[in-house]
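One structure is given below, represented as structure tokens, and several questions about it will come after.
Chain IDs A, B, C and D follow the sequence of writing; residue 1 opens each chain.
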């Protein structure tokens, strides 16, 4: 897959002059949306089908600060797939140097707010995601 | 009405070390929600009735920067009421000094996305708002 | 000048499902930074010279909501130039339709926090900006 | 220590109608600032001494969504203290129900951008923090 590039905005930086740590979770979301788009299952199409995809958990290690006008290159892999959850792994680099490593786990909820077995609902997407699965 | 106090957060400040100018629109929203609550018409009650209240326009003059841990005291008045729109006026002070002057104009849309004549829908709220109307 | 495109992110939308009105001020800042970059005076170069450029005032009319995955095309003109202040005018369109009209006024402060007469400090930039000046 | 209360704002909610997951990192920061204030070492005093405190890592489990007007009660404990890093543990509840569990690890950098051995720099604060240390 093509990495996602986030260009850091002025308003994303804090008093320390660096990107506020909470914003990386937003960049990760951007990269996920881009990945789903590349896989042919854009996030808003899911929403139109009445599916929402809440975040179950996040872990993130901040390695090196980034700042205004940096281009952050975000690469995503799939780390784990269970019946109800998918875990993505993220590598964020700026100027060739590692900025952050992170993971995020997601589930899918149907219009009745009940968990969706995504392999049944979207077999093609599941196939594509499993191709991105990495050996730990 | 009791003024609304917003205590400035670390993450609301930018690289200049001051509150990012876009955040004052959020503080104004907080103050509006607080006002409606004080008037007995909390914003989420409106939403439950299927009414949304988009912002039609904003104007804001930034007089003096504020920063982390400042308490911003926001006073609201009603500047104009027409059949479909209400205009609020805001005075924001920190440490006794004027930080911003602003206005915001709002309309109300029903479940069918059509404008609502609020005086018909909420005569009591309209009565209360008109008591806050100031001579220009 | 080339218009600036902001692609709307999921996290920029609010409970109404549309871009929160405060975010347009951030998109305007992005477009300004892009304009200065196109003019050869990137904002971070100004910062390196010890100049900061606070926002003096903003006015914005919200014409039509935008939402997740919309591309907002932002065109900037210069509306007014005085010794100490520049006023920009913004037209924001999505899918060909007008989303917002706005203006923003800025000053420049030197390392001593005193106003800078920008025509003296950056005659070339001033020349370029005055070429973007429109008749009202 | 007294728990910190964050009252959820309208603009903190996303298209799903719930608090965007990135915002909890901001609420955690608010709670940390409040804790340091309660301990007599407000964050801006640290900044005045030329110390910044970047976030090293975060982990967060989202248990139950929160939304506009919820009061989130945040309780902090200290989970680990090493020479250079402190790890906090957070429990966030809304309406008595668990909303999130999280941890954050921080270091301290001096004016020379080098790590600070905080026990040497702030023995009193270190003493206070170690009183909040919990058995795992």
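The criterion applied here is as follows: a contact is a pair of C-beta atoms (placed from the backbone, for glycine too) under 8 Å apart; a residue touches a chain by one contact, two chains touch by 3 or more.
Since we're looking at a predicted model, the values are computed, not measured.
> Regarding the chain B and chain C pair, does the interface count as same (over half of residue numbers shared) or different (under half shared)?
Same, since over half the interface numbering is common to both chains.
> Tell me which of A-C and C-D has more C-beta pairs in contact.
More C-beta contacts join the chains of A-C.
> Starting from the Cα centroid of chain B, hunt down the chain whose centroid lies farthest away.
Centroid comparison gives A as the farthest chain from chain B.
> How big is the gap, in whole Å, between where the Cα atoms of chain B centre and where those of chain C centre?
Between these chains, centre-to-centre, one finds 24 Å.
> Rounded to a whole Å, what is the gap between the Cα centroids of chain A and chain C?
About 30 Å, centre to centre.
> Where the centres are mean C-alpha positions, what is the separation of chain C from chain D, in Å?
34
> Mark out which residues of chain B touch at least two other chains, giving numbers and ranges.
Residues 10-11, 15, 22, 26, 29, 68 of chain B each touch two or more of the other chains.
> Using the touch definition up top, name the residues of chain D that touch chain A in the complex.
On the chain D side, the touching residues are 15-16, 18, 21-23, 25-26, 29, 47, 52, 54-62, 65.
> Using the touch definition from the top, list the residues of chain B that touch chain A in their complex.
10-11, 13-15, 17, 20, 22, 68
> Please name which positions on chain B make contact with chain D in the complex.
9-11, 26, 29-30, 33, 42-44, 68-69
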